[in-house]
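In the two assemblies presented below, subunit A is common to both, partnered first by subunit B and then by subunit C.
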Partner chain A sequence: MLFNSFEFLIFLPIVFLLYWFVFNKSLKNQNILILVASYFFYGWWSIPFLYLLIGITIIDYYLAFEIENPVIKTSKFWLALSVILNLGILGIFKYYNFFIDQFQVGFNQLGIHASLPILKIGLPIGISFYIFHGLSYLIDVYRKQQTTVKSLIDYGVFVSFFPLLVAGPIERANHLLPQVQKNRTFNYAQAVAGSRLILWGLFKKVVVADTISKVVDSIYSNYQTHDAYTLILCAVLFSFQIYGDFSGYSDIALGTAKLFGFELLSNFKFPYFSRNIAEFWRRWHVSLSSWFRDYLYIPLGGSKLGKYISIRNTFIIFLVSGFWHGANWTFIVWGLIHALGFLPSLLLNRNRKFTTNVVAQNTILPSILELFQMIQTFVFVTIAWIYFRAKDIETANQYIKKIILSIIEQPNQFLGKPGITDPNGVINALWYVVPVIVFDWIFRKNERELFANIPTQTLRWILYFIIGLFIAFYFGTKSSFIYFQF
Partner chain B sequence: MKHFLRKIAIYLSFFCFISCYTYYNSKHNLLWDKPAIQFVRDFSQNDLIIKSEIAEDRRTVYQLIKRNRNKHFKYIVIGSSRVMQIGKFTGFENTLNLGVSAANLIDIQSIYQLTKDFHLSCDTIIFDINPWTVCPSIENRYEQFILTKNIQKAISDITHFNFTFEEFKESFIPSKKTYFKASETAIANPNNFIRFSDGSIKQKTLGPNLKAGRVDFFCKDFYLLKNFQKINESQFKEYLNLVTDASKNQNVIIFIPPFHPKFQVKNKNDIRVQNLTLLNDFIHQSTPKTARIVGNFNPETLHLNDSNFVDGLHINEFTVSQLFHKQSFYGNKKVN
Partner chain C sequence: MRKFVVKMIIFIFSFLFIVTISFSAIYHHFSKHPFRQTYRTIFLGDSRIQYLFKSNSNFAYNSESFKFNYYKLLSLNKIKKTDTVFLGCSHHSFSHYFEGYLNNQEEVLPRYLVIDPDPMNVFRQYHFLNLHFLIKKQFELAWNAVVKRYNFVPAGYAIPARKKVNLNQLKKRIQQQFYDHQKVIKFSVQQIAYFDSIVKYCNEQKIHLTLINSPVFPAYKALIPSQYLNYYSLKTRGIPMLNLSDSLSKPEEFMTDGDHISRAALDKTTHMIQRFRSLNSKEFNVPQNVSTIIKK
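Coming up: the complex of A and B.
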């Protein structure tokens, strides 16, 4: 079930009303309802993969008790087993064909013609997300940062809570589980904030990302025929498409969770207002980057074992993070580019520079320096997105080469072009980016309290109606979320 | 909680109202098919010059039948766009033309059934027959009829209603009329597409290049004849059952509309063109004696050439008139 579907429009109010009016007598009842609703939500897409989800949930639940064993050696054994099991399942579904393909290529180059079996099943939606949920719990239990959950239903809710089930945010056991186990009462302010997040998330997804995607898809499908001007704007558009798509999804997830009394981890904190790559990664897909930081970067030694180890670890987590997104070299190169972009900040000890404040903290507009920093970061990120979006590395290289050569050969092509003709719809699509930039700028100090700083209630309601109307106009075209495939 | 639900309800009811209002005024509206009702009302009162039709033609026909319930006509015409010229312009008085584009067997059956349901009667009923009446259809627009009776399909249609800004705008600001009352001069003008008050039409004359292009395209594409690899006997039998049933209460004419000579010549070795001859023979052998047959798929038999055609599929009004009123190529019987 998609958040931007009619099915979800019916599903959400039904579950909401049952949750607060019928199952509100006890915490256990509420959790059972959430679990059943979550499985229904997931099973709507695929029943066989629902069994996989339930199977992994049960296995991890029982493995946690073994990991809790006071004998360190035994505990370590069970942890290793559970990590292998979880990553093994992820690997089979997500990476098996990729590795087989690579082996095949390697064998062919050695003159060995082997025909290796290919797995002909789809990728279970959200598998990377719920496997990481489970791993965070198991590792935290091993580290004694989390006690085992006695109730399988509570654990099931933690892994499968429908707002975050298929595309995150990737929750932590010590953050979500206490909320699952605690009595929840309806909180008006929380529900209002949740509704606002849903509204803004739907706008970013349905109006902005889906509209832009049509232009981007059409240009990427025959990029060879387009000029540099169009390709550059298309790359910029994709930056906003993926942002609208994924942050829109996350906002809806956070908002929906709030309606049920849950606070999920923030996933996006206006990343395109970042002043360097390090800040970008503290604002983009925060739940994933912090997961890698806590469960990979720090165990590898983090930045405490000297500069060399720190650089090595940085490259590892960026490459793994890229690979997490999909079994394609494009994602690995994308991760590599970000690692290279991160490197100067790391070497100059500036990677912790913008940790406490947002851009233009006490002013309405950014300073010239901040503006320059933001543009510089955005340009870098946009170039990296070309690799993320392209179907293979060759395509991405050719795309960039086409831009560069076209500029060298026809340096005057940009003069007077905008507004005259727009055959590919790029200028028109850019208009959809404007409200995102404007509203994100207004909201930038608190990603969880959107619209709270709109001065009057009347103005807020006018905005709600206008945004709602736009969503209604664009709602009919159903399209999936980009991050579902990861 | 109540406060929250009240606010959400107010907010959502605004969109429900806007959606319902837009749906009500849109061409998607099945329950109160406003565009079709209005269109039928307008052309029933006056012959119209049509720039573009505002309603889907099956829905228009449905409303046309409803509007004429319990009425008696001299002729009722049921079939595809290839019979839509049969009407007052081609010499048929007191006619109701219920032709719809690309009509297949289900369309013909549905329309015939609707005429019975709404108690329309006539002296003579004219059906056309085409290759796509007796082979798997490449178009299934008949679903529009099913919608009138199938609630589930109707609900699905409503939920797939695309609430666009254009629809929204048009629900408040009526779009410009795309048809106008036609004077006699306008009707005579070959550049005008006319919808007559009896439901029949007069085609617009195409320029020579455009016409040649359309003929060539049809010769190459085969359009609705794509699947005519063989005659589906059960479909043919169903068609004959319909004719038999219709001939119990009125005279029946089966019209076999010809195809463009170029189509026949260019594709003479194609099985689908060869099947046309076979179907012609079948019709003559199997049609009940009570029904009369006019026309032939083969234009050569009818001595027709390019000037008799509007495009690859449709003969012009003059030829329709000639075929029905002056000559009969099978059975030597005149219609009038």
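Coming up: the complex of A and C.
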């Protein structure tokens, strides 16, 4: 079931009313309801893959008890087994065909013509997310940072809670499980904040991302025929498409969870207002970056073992993070570009700059320096997105080459383009970016309390109506979220 | 919690109220004036006619059946008295394949909600989960009518694409329009009934009706089943006709399907129709072999 579907608009109020009015007598009943609703939510898309989700949940639940074993050797064995099992399942569904393709190419180059079998099944939606949920629990149990959960229902809710099931945020056991196990009372302010997040998330997805995607898809499908000006604007548009799509999804997930009394981890903190790449990664897909930081970067030594190890570890997590997004070289190159962008901050010890404040902390507008830093970061991120969006590396290289050559060979034509007709709709699509920038700027100090700083209730309601009208008008295209494929 | 639920209900209902009121107001206004109409001679039909003649008096629209041609004619005639109607009528016009555009076709029905005498029937044909599409389409039409100054009911000639005939596409088209699982498809009862209604209405209102048999690629014409060729002659007998079906023959003058002209032929067909009109403007006596005269 998609958040931007009619089915979900019916599903959500029903579950909400049952949760607070019928099953509110006991925590166990509420958790059972959430689990059933979550499986219904997932099963709406695919019943066979629902069995996979349930199977992994049960296996991880029992493995955790073995990992909790006081004998370290035994505990380590069970942890290794569970990591292999989880990553093995992920690998089979997500990466098997990619590796088979690579082997095939390698064999062909060696003159060996072997026909290796490929897997003809789809990728289970959200597998990367729920596998990572489970792994965080198992590793935390091994590290004694988390005790095992006695109730399978509670553990099932932790893994499968429907708002975060298919595209995150990637939750941590020590953050979400205590909320699952604790009595929840209705909190008016929390529910209002949740509803606002849902409204704004739907706007970003349905109105902004989906509209922009039509223009971006059509330009990417025959980029060779377009001029530099169009290709540059298309790259900028994709930056906002993926932001609107994924942060919109995360806002809806956070907002929905709030309606049920849960606080999920923030996933987006206005990343395009970042002043360098290090800050960008503290603001973009935060739950994934922090997952890799805690379960990969720090165990590898983090930045404590000298510059060389620190650089090595940085490259490892960016490459793995890229590969996590999909079985394609484009994602690996995308990770590599970000690692290279992160390197100067790391070498100059500036990667921990901007950790405590937001841009223009005490002013309405940014300073010239801040503006320059934000634009510079945005340009870098946008170039990297070209690799993320392109179907292969060759396409991305050609795309960038076309832009550079057009500017060098026909600078006058390039400079003279803006202001004339807009046959590809890029200028028109740019208008959809404006409200996102304006509202994000207004709300930039607290990503969880949107609209709270709008001064009067009347003004807030007018805004809700306007945003609601836009959503109603654009609703119904049933386009999937980009991050579902990961 | 009660406060939250009450506020949500107030928000949702006031939102729906505002949307419904605006919708009704727009609907009410445009059902009276669905067209920006100043023409005494009008062209009606489906995409074949829409691409055929470059003129603002061309009210044809793609996938439009005789039913909506009929209701369009009624609306247009109400806004400005019509003298002459050129109606697209080709061999495929009587095919049962048109019924698809009359029953639960998401893309087609919402366009005509305003001129349909039984709008509730249109609503009934929509699944509850798809109703939003119908409503959304009305707002889209209203937006275009108010902001872009289009007709509320979509109408108006379109520039055809620059393509040329592809025999596979042409055969597919023939299959789609004239066959159902290798058997010749039956005639459409609704199309025939509304065709008769148009003829009758034109007689009653003293409107000159001329049928246009639009150009088709020779290979397309050769594949039309004889049943349809015979029925067409029978059905159109006695009604003035501008027969352009053999007027073009070059592959680049058609789109891939062979039954729509391409951009390469647009000026030619526009000129043919203008010439036909100038020849007949005074007395409206249709020559025996029109296509021979206008080709000159």
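Simple rule for what comes next: the second predicted complex is superposed on the first by the 482 of 486 C-alpha atoms of A that agree within 3 Å, B and C clash if a C-alpha of one lies under 4 Å from a C-alpha of the other, contacts with A are read in each partner's own complex, and residues count from 1 in each chain.
Note that in this section contacts are C-beta pairs under 8 Å (C-beta built on N, C-alpha and C of every residue); 3 or more make two chains touch, one makes a residue touch a chain.
Here the structure is a predicted model, which is why all the values come from computation and not from measurement.
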Once both complexes are superposed via subunit A, do subunit B and subunit C end up clashing or fitting? clash
Using the superposition on chain A described above, determine whether A:Y62 touches subunit B (first), subunit C (second), both, or neither. neither
Answer with first, second, both or neither: which of subunit B and subunit C does A:Y51 touch in the superposed model? neither
After superposition on the shared chain, which partner residues are touched by A:F372: those of subunit B (first), subunit C (second), both, or neither? neither
Now for A:F99: first (subunit B), second (subunit C), both, or neither, which partner does it touch? neither
Can A:S195 be said to touch subunit B (first), subunit C (second), both, or neither? both
Thinking only about the overlay and not a real complex, which stretch of subunit B clashes with subunit C: 116-124, 242-250 or 314-322? 314-322
Set intersection of subunit A contacts, subunit C complex versus subunit B complex: 6, 20, 186, 188, 191-192, 195, 464-465, 468-469, 472-473, 475-476
Contact residues on subunit C for subunit A in the complex? 1, 3-4, 7-8, 11, 15, 18-19, 129, 132-133, 136, 139-140
Touching subunit A in the complex, subunit B uses residues 1, 3-4, 7-8, 11, 14-15, 18-19, 159-165, 168
Partner subunit B, residues of subunit A touching it in the complex: 6, 20, 186, 188, 191-192, 195, 464-465, 468-469, 472-473, 475-477
Subunit A residues touching subunit C - in the complex, by the definition given at the top: 6-7, 20, 186, 188, 191-192, 195, 461, 464-465, 468-469, 472-473, 475-476
